[in-house]
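Order as written gives the chain letters A, B and C; numbering starts at 1 within each chain.
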Amino acid sequence: MSETATRRSEPVSAARRQFDPYTKAVWGLMNHWYPAFFSSELGEDEAKGIKVCGIPVILRRANGEVFALRDQCAHRGVRMSIRPACFTKDTLTCWYHGFTYDLETGKLVTIVAAPDDPIVGDVKLQTFPVREKNGIIYVFVGDDGYEPVPDLAEDLPPKLPADYPHQVPHLLDDDAVVLGIRRTVASNWRLGVENGFDPGHNWLHRDSPIVVALDTALPLGLVPRGPNALTTFEGDGPKGIRNEWDSGDYDVVMSSEKLGLQARGANKIPGLRTSIFLPGVLMVEHWPAYGLAQYEWYVPIDDEHHEYWAVVAKSCPTPAERTDFEYAYDKLWRDAALGAFNDDDLFAREAMENFYAEGGTGWDDEQLCGMDAVIVGWRKIVSRYARGYQTPQAHPTPKNA
Amino acid sequence: MSETATRRSEPVSAARRQFDPYTKAVWGLMNHWYPAFFSSELGEDEAKGIKVCGIPVILRRANGEVFALRDQCAHRGVRMSIRPACFTKDTLTCWYHGFTYDLETGKLVTIVAAPDDPIVGDVKLQTFPVREKNGIIYVFVGDDGYEPVPDLAEDLPPKLPADYPHQVPHLLDDDAVVLGIRRTVASNWRLGVENGFDPGHNWLHRDSPIVVALDTALPLGLVPRGPNALTTFEGDGPKGIRNEWDSGDYDVVMSSEKLGLQARGANKIPGLRTSIFLPGVLMVEHWPAYGLAQYEWYVPIDDEHHEYWAVVAKSCPTPAERTDFEYAYDKLWRDAALGAFNDDDLFAREAMENFYAEGGTGWDDEQLCGMDAVIVGWRKIVSRYARGYQTPQAHPTPKNA
Amino acid sequence: MSETATRRSEPVSAARRQFDPYTKAVWGLMNHWYPAFFSSELGEDEAKGIKVCGIPVILRRANGEVFALRDQCAHRGVRMSIRPACFTKDTLTCWYHGFTYDLETGKLVTIVAAPDDPIVGDVKLQTFPVREKNGIIYVFVGDDGYEPVPDLAEDLPPKLPADYPHQVPHLLDDDAVVLGIRRTVASNWRLGVENGFDPGHNWLHRDSPIVVALDTALPLGLVPRGPNALTTFEGDGPKGIRNEWDSGDYDVVMSSEKLGLQARGANKIPGLRTSIFLPGVLMVEHWPAYGLAQYEWYVPIDDEHHEYWAVVAKSCPTPAERTDFEYAYDKLWRDAALGAFNDDDLFAREAMENFYAEGGTGWDDEQLCGMDAVIVGWRKIVSRYARGYQTPQAHPTPKNA
């Protein structure tokens, strides 16, 4: 399950043809699992709205469980989340005329202003499957009626083999503690993904305070050379690609003779590597420190924005370990790693937006080079395995059932 | 002059076909009277600009009389109202090169920078008929040369029959005192209109301070049941439709068993009913209190904005009654009724905008129900009787004569 | 080299046809020299970006000399000027992956993250010729490979004949001191140009503090009457047109009988006249005072913005004269002439924008008159002599070589 890096010697048109569907995935990948809220953001009886792939979704917690419906009243199209109204544990009521929907089925069960209207029972809102684990609420954003709904684990990086020496926690591990932040970035989601595991952008982070503080050895660049530089995942389970930086098939660039630059930092992190899985989940093993893992999502909001999720996970089998990790997260990792260090990535993604946005020529004019092999690999995998694409739409309001 | 409510049993496509012209009236209805300014906003020799149906209009008061011209100098197209210049009582001069127009005819009578240019006398700006009554300056926004210009009274709600027991003042009554406010709302004008007389949105206002303070009986909803629920006006005079809430053919919804809701308020207002007339004038009889009438306009500015006018009228045959009403208006009705109460309506109109705006699917996907019969009725009446439609335009600059 | 003023008697369609290319020059004239920065804005080793005709350009000073490259990394399209990185005197490095270009040729000479990638040496960025004189850095914004590159002097107003009695300094004179400001204006560049030398807009400035303070005689208008009112420059050298206000063929309008207006000011400035040359350089001789010259540029940024440059030049053969002029500039001319006086022009340009912008009808509906002969003349000259037009583009990213 590995493939050689795509090299510039290959005609661009051929490589490009193989990821053509990817260039059209402007509004995101449909029929996949995405994080919606941190569990702490949605208390009992709260209801809040988000947009994923342009689709407005309202999530409500009742009796501890979280339900998700299309956040657009069937009557006059208003978002119900802007003034949530709930009167029973199993319904959601629109603030405008009182259209009231069953949380589980999405069916219109009554209208406050007209309880016995003939459309009661006839109309329904699309519902979305929800899962909640380790502090994150996930929602499956799919076409109405799409099935079977895959397991959440299919849309997350896979668990490391038990015999692998450099273990990090999986997002669904029972003893994993997962802490993080999310924010909105003004770039297309694909520029977020590609920035995340790009092995050539290390250099951008060279002066980051956390790198300097920990004296981390950060190469100027990483260039794939041999057949084992990249591992692709195309069998059963999650689909993705991994940079095997320790494989010996990656050249580690430590200096630029021409510009008089030298990589800094004495402390090499063993087992550090990055991988990306559909629908755009980054895994950085042993980052920001050995034993931790950083996971990221770039959830499509619309064609020009994504919700950037970044979390750090640690296995904490005991309460004391959990307390220690929470302390380290609060005092160090949140601001220095997820904050300052990743701020450079946000800057880079927004800087690319104009080139790749509608009217720009980025997809045709970009000059990819050898170190971009993993990016080309990712694009091809998406083109082969995405369960669906969201089509461009200014005001996304598909028909209701 | 009444018609049965359109019911859901009627195929949507048939109902929709009957108000198709209405769905295209994005920029407003042409050849109708609209309020432009309160009289108090335009002092002697002042000149100020507005936009109606996308058309820039400048109004100037000279010797007490108000004149209206297209607010776009024929020369280089600038709006004259942004730096008004007037040197005589019968002209308006452009601040840029001194193109000077006759207030009454719109003809170019001189150019400051070139008094004897051959185009003087040749060029003219469109003029608009103006009427002023009871503190409001009205302008007739028409196609150039449209005639005959109808009476202002044709575009206002009609006077109540003399023998009707629950009298309220008409806008043109000599003893009516009319006080109000205006503000710009970020929604299409039609969403403003439809929100205004929608009998199902009562519920939205249930917690409004004025409702609570006066312990007003506000039903949860009003559902038309019989042939007398609605009266349509399609003969001579103003064209419109009225909700006959007291007809006995309207079901008054006082509770929602399913959601455990109960209408509140002990004080029922006799004679309370709403009606709407072309080009979008709402009349609420006996609101915000018995004997008063609230009138509203939703003047199209462009495709995404309307100027929302709300006024309260009272018959005040004596100076003492006028003083009392002005006191009540200043201390109570302005902020509590036109302000706080109607703020909920602004919220609702702007919340619908995305669904119905260009690129949205609201006009096709909305799920109207029985209580929306009056809205469908209004749409059909506009489709039959509008004197013209303004076509979509980004920078509205029709040819000058 | 003169031509009679275009008069209204000429059918508009014929005149319009002669400047049709001009109406299409929405994004500016290509293959011309434009000012980029004041010398004082770009210190040694600094790198800064601008946009001209929609093209991003980065300028860098190294060893005193200024170089200009396309400000868009070939790799992923980011603007390099937003986080400049330079490690040697002859290169410019992109902050993202370290793509490094030769300042002189634009060739990719190394990549920090991948020094021996095969594309090194293959890829290159477009470079732009630069000249610096009397405190202004000029850049030649051309199509890639355009040649021969004309002298800078070809794109500036010509030097006055040596025997002309009312001398003012030329921008390239060795003893000229040139001081000024630049700011961004929200209008198309052509509205800037046309406002600059428009002889009918004098009137707009009548109440400007500097005019009142100096009691300057400012006519209400200037109307061309005879064959010598305008001089056109269509032979060798710069191409342009000049208002010959002192020729006797210009009517000076001193009053408006109809409006009771009288021109004010006792002090007439001898030799005052305006001219405009491709690609849009205004020269006002003996303004803001006798012996000075004001020059202006309206550098196209995109379709809706231009960079407005205004400078005052004075011949200062001795250091004492230079000191005196700098004092007068700092204390008077900058704020009172380039500031307050020209603020009225900015107001006028932005006021025209809507009429002439995309979707507006200005180019068809404007009502030009006799005094606009020089504007029509300018439009025809541009249509005949422009070296190229920039085509409309939302995200200007032409292919790299």
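Methods note: contacts are C-beta pairs under 8 Å (C-beta built on N, C-alpha and C of every residue); 3 or more make two chains touch, one makes a residue touch a chain.
In this text the structure is predicted, and so the values were computed from the model without any measurement.
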{"item": "Rotation in the CA alignment of subunit A with subunit C, degrees, nearest 5", "value": "120"}
{"item": "Subunit B against subunit A, contact positions shared by both copies (same if over half, else different)", "value": "different"}
{"item": "Euclidean distance of C-alpha centroids - subunit A vs subunit B, Å", "value": "48"}
{"item": "Contacts with 2+ other chains: residues of subunit B", "value": "none"}
{"item": "Subunit A-touching residues of subunit B, taken from the complex the two chains share", "value": "8-9, 198-204, 220-223, 253, 256-261, 347-348, 351-352, 354-362, 365-371"}
{"item": "Subunit C-facing residues of subunit B, complex", "value": "72, 74-79, 82-83, 87-88, 91, 93, 95-98, 100, 109-115, 117-119, 123, 393-395, 397-400"}
